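The following pair of complexes shares a single chain, chain A, combined with chain B in the former and chain C in the latter.
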Partner chain A sequence: MHIPDGFIPITQGIIYWIIALVFIALALRWARKELSEEKVPIVAVLAAAIFALQAFNLPVGMGTSGHLVGGALAAIVLGSPFAAVFILSIVLIIQGVIFGDGGLTTMGVNIINMGVIGGFVGFYGYTGIKAVIKNPYVSAGIAAWFACLIPALAASVELWVAGTFPLVPGLIAMGTYHAAIGIIEGVVTAAAVYLIIHARPDLMDIKTGAAV
Partner chain B sequence: MIEDLFLIEKQSYRESHIHSLDARVKILVAFAAIIAVVSVPYSTAVYTVGAIFFIFFAVLWALSRLPVSVYFWRLAMVLPFGIFIIFFQIFFENRYYEVFHPIVTLPLNIHIYAESVQFASILLVKFLVCISFIILLSSTTRMQHLLEGAGRLGFPPEFALILGMMIRYLFVFAYMYRKVTESLETRCFDPFNRVVPWKYRVRMLGYTIGTMFIRAYEQGERTYLAMLCRGYGKDSHLYVTKKAIKGYEWAFLAASFALIISTPVLVWTGIVNFF
Partner chain C sequence: MMDIKNFIIAGIVIALIIGVAAVFMASPDPDGLESTALVVQGEKTLTGVTPEEAELVEDVHGGFAYDSPFPDYGMGESLGKTGEIIAVLVGIAICFLIVLGLAKVAARPQQQENK
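Right after this comes the complex of A and B.
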């Protein structure tokens, strides 16, 4: 769902960039305050790791494969949606400038989709669902599924606003594909959270409620 | 994608006139070209602008003495999503045209419109030119130079520090990714082997990913402590030395900007038109 250059008119690209910059500034402030100022390097190292985790080819079933976005995982483990904004912004800058995946004028919109929307949906989805069902792993899985689906739907709305793809077919195509890919994102995130809670319980920021 | 990191970096370590240009010059030229192409409204003017820009790119690529195969390999890596949107474009009407003429009618009342095909080709031109300049930039400039160049252009130093660490550890994790996948292979673990239950395969992958996450976190903690020992504090930032842009680099920058700015203007005013 990395929107490439040319698919969003320059004026809209600038607006998305400004919104993204506001969130990057907020994420930087979060990192300084919550990570006791100097721990920012840990996030930088985690960003590199998320990039590597995205490389794993995961079986979705029926011959399809998908890969992780990782925003929900980062937000859940580090206990803030801004962790995802921070980490995915860095990842998207590298992907856009070095690999050419995504774009320069569309980097703002991609940061909004995968970092901001993905991070917020992942984190608040997790805390909200966990308050109801009390199971951190299932909550993490469902939240990660939404964190994969909703940014994809947002991308199709943005392409519609840009006039480069019609709304309904876009929502159907992107929605179906990412609803399927989201299953693997959800299951793998749940398994990873399960492992992290059991191996490094001190690492998870929020009270998980799980018997460790 | 991270698997290609070493190959991309290897290309940027070659030597040529383009490789030796100051990173700032290359960043500015590539970014300006992309912004200029994106700024051209969705119209047939994109064809001429795109053609001239593509020739400009091709000349720079030739001067960089990189094989053409590298370009196509890197292009293939990033095409899928863009091509998906461009291909399906031909079946839909869009807001940039008033009337649509069906050229092919398929069952289920699906049409291919002449205008939509044209619109798809406009998108394709914009997409290809932008990707080409990014490929040129990252194939001819080392990541560290890109970072320093960005720092000299006014990129916030504290953010440059974070990005610099991310780049350094990107290679560490690329190695780790390689080692982990190799060890999975030696254990004959195939994520796509249907004989093994899906649940088991996904659980193993989830644990692998969780383990890598923990390893990264612990690596981060160690790095952080090591940095503290070396005097790192909240006011630390990446130190970028001053470097003057040489005369011929100024000339190249000026000539490139003249081309990048004048082309869309001349095409838009109708003075230059190839198509």
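Right after this comes the complex of A and C.
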């Protein structure tokens, strides 16, 4: 879902960058208030794992492949959508600058889609679904599916505004592919949440999920 | 309960295994965004396979181009898979260290908890 430089005009890219910077500032404020020092290594290892998982494209049929994005995973494990903004922003900057995956002028829009939208949909999807069905793994999986699909639909609207994709065919294709890729997102997120809860139940603020 | 140090080591080991496995096992098919671009550019059908000769036009609006040090998570044709393994290991290490450093600086100062 990494939008390359040539897909969005630079002026629009700058606007998305400004919006992204606002959320990055809010993520830094979250870290200052909510991120305790003992959780710092967890944030770092999550970032490393998300980078590795993003390199692992799995086939989803239709001549297409996809990988975990990780916004939902970061937000659910660390108990805040801003955790996703924090981690995904840094991972996306590293991917863009060092590996040429995702553009530099489009990094702002990629941070908005995968970090901000992915993180918020993942976190509030998880807390909302978990309040109803109680099972944290199924909730995480369903929330992560939406956290893959909705950023993809946002991207297709942004690319329509950019004049790169036509609106309806873009929405249909992005929606179809990411509904399939979202299954990867859901399964991997649920599995990761399961492993973390079983290894260190204290690390995940499970109460956050039940209370909201 | 797993010791926090072991938890971090286990996480890093899992990341490294996934990263190296990705070099050999990741699908070469275009991702969802690239596939969509190929569909709207008339290079493939929505549900069909991606033709080998399908060519993605990335430079739709032009203007800005950037050459990264490890394009496509590799180090060029000559180094092949070795270059890709180095690239992915470098990426995992950089992600871990940069996020560790930035999170340490950004995190809530310890003394504030005592107030």
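Methods note: the second predicted complex is superposed on the first by the 187 of 212 C-alpha atoms of A that agree within 3 Å, B and C clash if a C-alpha of one lies under 4 Å from a C-alpha of the other, contacts with A are read in each partner's own complex, and residues count from 1 in each chain.
Keep in mind that, in the parts below, a contact is a pair of C-beta atoms (placed from the backbone, for glycine too) under 8 Å apart; a residue touches a chain by one contact, two chains touch by 3 or more.
Computed from a prediction, not measured in an experiment: that's the story for all the values here.
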Please indicate which partner A:V43 is in contact with in the superposed arrangement: first for chain B, second for chain C, both, or neither. both
After the superposition on A, what does A:G122 contact: first (chain B), second (chain C), both or neither? neither
Quick check on the superposed pair: does A:P151 touch chain B, chain C, both, or neither? Answer first, second, both or neither. neither
Touch check for A:G108: first (chain B), second (chain C), both, or neither? neither
One more residue to check, A:E34. First (chain B), second (chain C), both or neither? second
When the two structures are overlaid on chain A, which partner does A:A191 contact: first (chain B), second (chain C), both, or neither? first
Touching A:L73 in the superposition: chain B (first), chain C (second), both, neither? first
First, second, both or neither for A:P201, with chain B first and chain C second: second
Please report the chain A residues shared by its interface with chain B and its interface with chain C. 1-7, 9-10, 28, 32, 37-49, 51-53, 55-59, 61, 65, 90, 94-101, 103-105, 163-166, 169, 173, 199-200, 203
Partner chain A, residues of chain C touching it in the complex: 1-2, 4, 7-8, 10-12, 14-16, 18-19, 21-23, 25-33, 35-37, 39-40, 44, 46-50, 57-73, 87-88, 90-100, 102-104, 106-108, 110, 113
In their shared complex, at which residues does chain A touch chain C? 1-10, 28, 31-53, 55-67, 86-87, 90-91, 94-101, 103-105, 152, 155-156, 162-166, 169-170, 172-174, 176-178, 181, 199-203
Residue numbers on chain A that touch chain B, as the complex places them: 1-7, 9-10, 13, 28, 32, 37-49, 51-59, 61, 65, 68, 73, 77, 90, 93-101, 103-105, 159, 163-166, 169, 173, 184, 187-196, 199-200, 203
Flag every residue of chain B that touches chain A in the complex, lowest number first. 1-4, 8, 31, 34-35, 37-39, 41-42, 74, 77-78, 81-82, 85, 88-89, 92-96, 123, 126-127, 129-131, 134-135, 137-138, 143, 146, 158-159, 161-163, 165-170, 172-174, 176-177, 181, 191-192, 198, 201-203, 205-217, 219-221, 223-224, 227-228, 232-234
